[in-house]
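Scrolling down, you'll hit the structures one after another.
Both of the next two complexes hold chain A, though its partner changes from chain B to chain C.
Coming up: the complex of A and B.
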């Protein structure tokens, strides 16, 4: 019986199979030799360069990573792992969000009761809600930091312009998540923050009224609003985010990992675009999608032997001369990058868990349309806007400024044509960006910490009115 | 030249796609457009005008509005702040309306005094029918512009907002 299986295992070996194959010893190894196992995992786990490459190619999850990455990507300073942390937070939010969905009814009569029940009557209910809330806060923060980091590294420049635009889209979706999720507990905090937010939409020229109506679904915030926000929060926005995220991550690979480009910009850029700063292995990987299985096998083999791989079929003739790489500066994503990512993911989970244990998510009195609490503050990431609103006309402060900033950011790569990424060559861009950033931070800090009832100035050492 | 098969097919796809998009838009709009309000709108009887004495503001829950008496002139003021929609409470000590959200202040006639609100408080028409005060909540009159105040704007005492 076992012999037979081993024999049939022998038969399905093909050109992709590495020469070294572990002997079937012990139950576990014999299981791994069965046809059923091999139908799930095509290639045995082999700790050879070729084995690792094959595993990467043939596994949909590992395939998210390139088989090999430039060594510089491993350094924490390269990206501070902010994009990855945001992705981890998104998955934490998906998992905790699904748990919460089991207990939550999107109805104005039931929602608040469900929140109380979650807090007192359901094992770990409060913890799950806290973790959801803190992850959401952190996600907004991390996404913004990611944007700031990418800006200062100049990584939005050609050929990564469009991925930057998608990134801005992801930021907008993240804020949409926060805003829609904010209403769901149906307490005083959520009711009035969302009242202020939706009335803001009213000031949009021409379409303001229609947009507000669509969002609220009635004359004032009520059952239709709650239901709409719920549908947006648990279905529409997650799908949008997943879609954007897919393209975003895919393009990180296909546009190549960002390199610091100084005065020698032009040449480096040319080489970058053609063969890319993608490693040879990544280029190999690109062919993996072709119909011919023999090609990746061949390239994988060549790679394993330490040869450089050049795909004449997809590369311009000129670039062949441009792409002269003397030393292989790449390392395998597994284990080098993936292990680092696992550590960062565990750290992220530990952080939100600790926050969830230490600080409870707020739950005020049930929403009361007849009583505006003092002060009625938006969540911290919108509080800068609220501060701005107390000084200027709502059309300016609520619509033109935020929309202007968001649009300028989105199209930044298209009018900032300067190819340099080093700060000494980008004084204008950096000073403008830094100024906007500082203004935003100052407004947020004033709004969040220094404003009390009636939006009067109250220093935080007298009384803290921070709303999270 | 002339019309080729390829041209017809391409144009056909474009028109077909456009129609499909229109249909999708129409369906979504019909599904998602807000249902017109029912119930709360309409006329509300408020009893004798003499119930509302000068210098007071009375909240009428049914219509979500204030009936304010400014020197003998009655106003039905919407509770919704023209700025961003917070509910505006009446402060007894200052005799003014003070919005807690961004600090807009209105006098007892609903006229703008200070803060980010673009105009005075919105009003509903008030009439007297058979000695009874009636407010029509289905109609809304936008509040007066800045600087067109007819009533005094000074407070009669300390403000409520800011005391916590």
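Coming up: the complex of A and C.
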């Protein structure tokens, strides 16, 4: 037991009263009472609402996680964790990317040799490269799925308009990352995929020539291009992405994880969703992630009236009254949300590792400007555009369509003024979006799987020309 | 000991704890996968690397031979057996010249001779990769190279 007199001074500094602080018993507890320990872990594990809240408030994770989150956030199908998975993939890409940077020289004479060296001479070199490549492909996919999910949830509506715009910026940065990274191995695959991609820029009216020059730095892709793409890939884009991500997550924290709003706000689910048959089914469905039981009708009534739970009410020890507890549909982010996130992160890492072990990243012959492979395909996420280009004028298919889609998406929240988030009130928006989505997917599938030399129709069961 | 007055106890529904436990079980599973996968891969890796190396070596020998007949054979002779330029397929040349030396000579050429720089960097037509392939090809000749003391003049084997 610690000395009462001395302890009280310390505990006042911590904002904890002596009777709240656990008694020092045993070696482990004494360690937890040292100044060093308590400077790092400011609050002890206390199984009271107040103790949990103090832990949350004094932790660096408060920048990302609120102390309490609505229960629905714990449900897997609330978001499918897509935004979080994309963030995890980004961090995997940073770590594996730094490892690859140790062994890579952005020079047309050395880059390809470095790639071979990764395969033949460097510990974990090929594995890390595989994981980097698969994570990059998955990140593009997951970011797009995240966008689709947010659209169908209507989660771009007030007050989340600006975060949707930032999200489109993040999509653009992700595509930029993948595209610039594509060139770096300097093999035939990367050289010609990037040639197809950069040729598009030429079709931009008036500024096409200047933009192409800026991007590739010469008459054709060469050393200046490789150096530019490398600089963009390892310096400019990571900074941009970090900046956008900070704003994005901060906005999510402000708009998304907040305690339930009134029925008019975005994401306000009707109370019947919580008490209705759906959540009753949850309670019996053992496979569901959280199997949330139906909540008492009184709570549901309070929720339907737009009642809120004040966070401060949780902190102040005496003010958590029975009535307020009834409307409390929140849980502590630690451990409930954070543990789920850690597990999803581990699952993501395990997935890309498995992919990396199973499938090697391709490495064709060294880039040769004089030898065009047949077919020369763009990276898979641009192959839909390439398919479109084979049917329409390049100015329309290469510039107006993609720019139009991207700009429309970016400003979507500002001209879709419909305040409803339920799909039955958004028939027009949903059908337009779904149509565009289906067209994009079909074009991509045709371009990726059904096109062979000379962009002729070759079904994949005859010969697959898909290169990942 | 003072009386405990730490506010209301934390009351979380049991299903919440069960759900958390289920996630933790999955987390454990993923961690086991990761912890097992890395050493397993590490065990297999030397084989993977040496296989890749052999494959690359064969590839290089073949491509190097092709490059040699396209670019070098007119002066150095078919199979590097001599001509107007030094006989590279000779014990004397191959045993006294390192890979790096060979690469440097091909890259930068030899002044005062008709051996021009071959590297793209110096106005030639070969990438560093192709120069490495040439060197690999020449090195494969070493075990059976004949002794030719006059190799510098391009003398043929007797």
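Note that in this section the second predicted complex is superposed on the first by the 375 of 468 C-alpha atoms of A that agree within 3 Å, B and C clash if a C-alpha of one lies under 4 Å from a C-alpha of the other, contacts with A are read in each partner's own complex, and residues count from 1 in each chain.
Criterion: a residue touches a chain if its C-beta (ideal position, glycine included) is under 8 Å from a C-beta of that chain, and two chains touch if they have at least 3 such contacts.
Everything quoted here is computed from the prediction, not taken from an experiment.
Shared-chain residue A:390: touches chain B; no touch with chain C.
After overlaying the two complexes on the shared chain, residue contacts for A:113 are found with chain C alone; chain B is out of touch. In the superposition on chain A, contact of A:350 is made with chain C only, not with chain B.
Touch criterion met: A:454 reaches chain B, while chain C stays clear of it. Of the two partner chains placed by the overlay, only chain B lies in contact with A:224; chain C stays clear of it. The larger set of touched chain A residues comes from C, when the choice is between chain B and chain C. When the two complexes are overlaid on their common chain A, residue A:214 makes contact with chain B while staying clear of chain C. Common to the chain B-facing and chain C-facing surfaces of chain A is no residue whatsoever.
Across the complex, chain C is touched by residues 1, 18-20, 23, 46-52, 74, 108-110, 112-113, 116, 119-121, 123-124, 126-127, 283, 289-293, 317-318, 320, 331, 335-336, 339-340, 342-343, 346-347, 349-350, 353-354, 357, 366 of chain A. Chain contact summary for the complex, chain B toward chain A: residues 32-35, 37, 40-41, 59, 61, 64, 79, 83-89, 98-103, 115-116, 118, 159-164. Note for the complex: chain A touches chain B at residues 192, 195-196, 198-200, 202, 213-214, 216-219, 224, 228, 369-376, 386, 389-394, 397-398, 452-456, 463. Those residues of chain C lying in contact with chain A across their complex are 1-10, 12-13, 15-16, 19-20, 22-24, 26-27, 30-31, 33-34, 37, 41-42, 45, 48-49, 52-53, 56, 119-121, 127-130, 132.
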